[in-house]
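Structure below; questions to follow.
We call the chains A, B, C and D, going by the order they appear; numbering starts again at 1 in every chain.
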Amino acid sequence: MTSLTLRRQFTIEWGQCDPAGIVFNARFFEMFDASSWLLFEKALGVKPHELSDAFGIIGIPLVDARADFLKPAKFGDVVEIASRVKQFRRSSFDLEHRITVGGELAVDGGETRVWAARDTADPDKIGAVPIPAEVIAKFA
Amino acid sequence: MTSLTLRRQFTIEWGQCDPAGIVFNARFFEMFDASSWLLFEKALGVKPHELSDAFGIIGIPLVDARADFLKPAKFGDVVEIASRVKQFRRSSFDLEHRITVGGELAVDGGETRVWAARDTADPDKIGAVPIPAEVIAKFA
Amino acid sequence: MTSLTLRRQFTIEWGQCDPAGIVFNARFFEMFDASSWLLFEKALGVKPHELSDAFGIIGIPLVDARADFLKPAKFGDVVEIASRVKQFRRSSFDLEHRITVGGELAVDGGETRVWAARDTADPDKIGAVPIPAEVIAKFA
Amino acid sequence: MTSLTLRRQFTIEWGQCDPAGIVFNARFFEMFDASSWLLFEKALGVKPHELSDAFGIIGIPLVDARADFLKPAKFGDVVEIASRVKQFRRSSFDLEHRITVGGELAVDGGETRVWAARDTADPDKIGAVPIPAEVIAKFA
């Protein structure tokens, strides 16, 4: 588990809620994605849209996402999302996204992403490439 | 007013509705956008993502959107959206999107879009260009 | 034109952008809606979800929304949205939402909403009711 | 594994895609949710919004969602989603959602939901209750 953590707080919007008055599940995956980009910006010091240029990759595409919904978040609730990399592997990594409402865990989510670049032999192909050690070091 | 009309029916989803149990307003603009692409596909016989290649344009970007919400659409409602070009001008055009629920007009919407291409002198610039007469003829 | 203005800044997310790399139009209407609720919270001192209880209304439903898209907002752009009530009428009001990117106006939007309550004779019916003078005074 | 399967086809919309030109991950969870409601409608013969009245439940809230993204789906792609209940337990059940593009599996998703009702002793509380055998039988 790395220690660099991205925390942000926001208030649940009317348009994020469903007829049960609680956040519609797909919206939580939007929050995860936004926090992943912000965590990488915080760690690497480059704006999300400059990530590609700075590291010669095409991005950090998602290969897996999941969430346990433990408590609902309602319109007007102030929530906090705390995100960090749980584990780096050779060319992929797991992110943890924990959303709390009033200090209680509401959503326990995760993503798996890859460090992806164009194939040097065939630029039409995209594949996972090794994550540089200096990138991983920034999340320690 | 041109006569070619794109009609499609669908059932309102849970995730499209807000805590009042009715479609959240932003969702109607998603419906308008999807119908505009489908109308162009129907008129011009090319798939939406091939529109650029077929006509040398970069797309039909939106410059204005608007909607009057007359009646709510609820979860489970079967709605119909009927879309057509209201008026072609030299390089822009107005679309009309009318959503009905049970035969009654629920949303009266509209978009203004431009026929946009890269500037031949400066490819970094994008601008409105004249709409070919043969394109307009397809909507008659 | 009232003077109370709600300003908020945020960074455009990956998931808010379309294949052209710019904010998808429907997303701006989500931003308008969220800002309208926040403006009312700022003016009236009640949380958005308490608006109904505090004023005996069922809400401030949208009857019309519109936007001019003047410049695109891209992934990573820091945008500001400034919202205020343009005009109060007897039981409805117009809101103005202006989104700027780098100080330049990108989206010029508006909403018309009504001050809505249940009919005292027939609680199944919802209708526009006069906006209290003390509510309007809070936006001056 | 139950055998009743809900299949539907649709074309990927511009507004469902991100700057990489592929469906933004959160959108797949919208598709899962919509298909779960439609599967229950197909099995039980009641419209989604009538599910509560017909079975004395408040709904089938989601407690867990997950997806593996194997291949991207692009703007204009015709996709099929096939959904069925993988397993019924006493008061919860697992759904499988498989999205294919051109016959190839693109997204392998799943949800866990509960059969939820108000507590008869304390109506403010909601909890999982046993799924009636006749409900389960409809999915065989």
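Heads up, the rule we're going with is that contacts are C-beta pairs under 8 Å (C-beta built on N, C-alpha and C of every residue); 3 or more make two chains touch, one makes a residue touch a chain.
In this text, all values refer to a predicted model and were calculated from it rather than measured experimentally.
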Of A-B and A-C, pair with higher C-beta contact tally: A-C
Chain at maximum distance from subunit A, centres defined as averaged CA atoms: B
Computed distance of Cα centres, subunit C from subunit A, in Å: 29
Where subunit B and subunit C are represented by their mean Cα positions, the distance between them in whole Å: 24
CA centroid of subunit A to CA centroid of subunit B, Å: 33
Set of subunit B residues in contact with two or more other chains: 14-15, 20, 24-26, 30, 33, 75
Residues of subunit D that touch subunit A when the two form their complex: 20, 24-27, 29-30, 33, 59, 61-70
Subunit A partner contacts - residues on subunit B that touch it in the complex: 14-15, 17-21, 24-26, 75
Subunit C to subunit A touching residues, read off their complex: 11, 13-15, 30, 33-34, 37-38, 47-50, 74-76
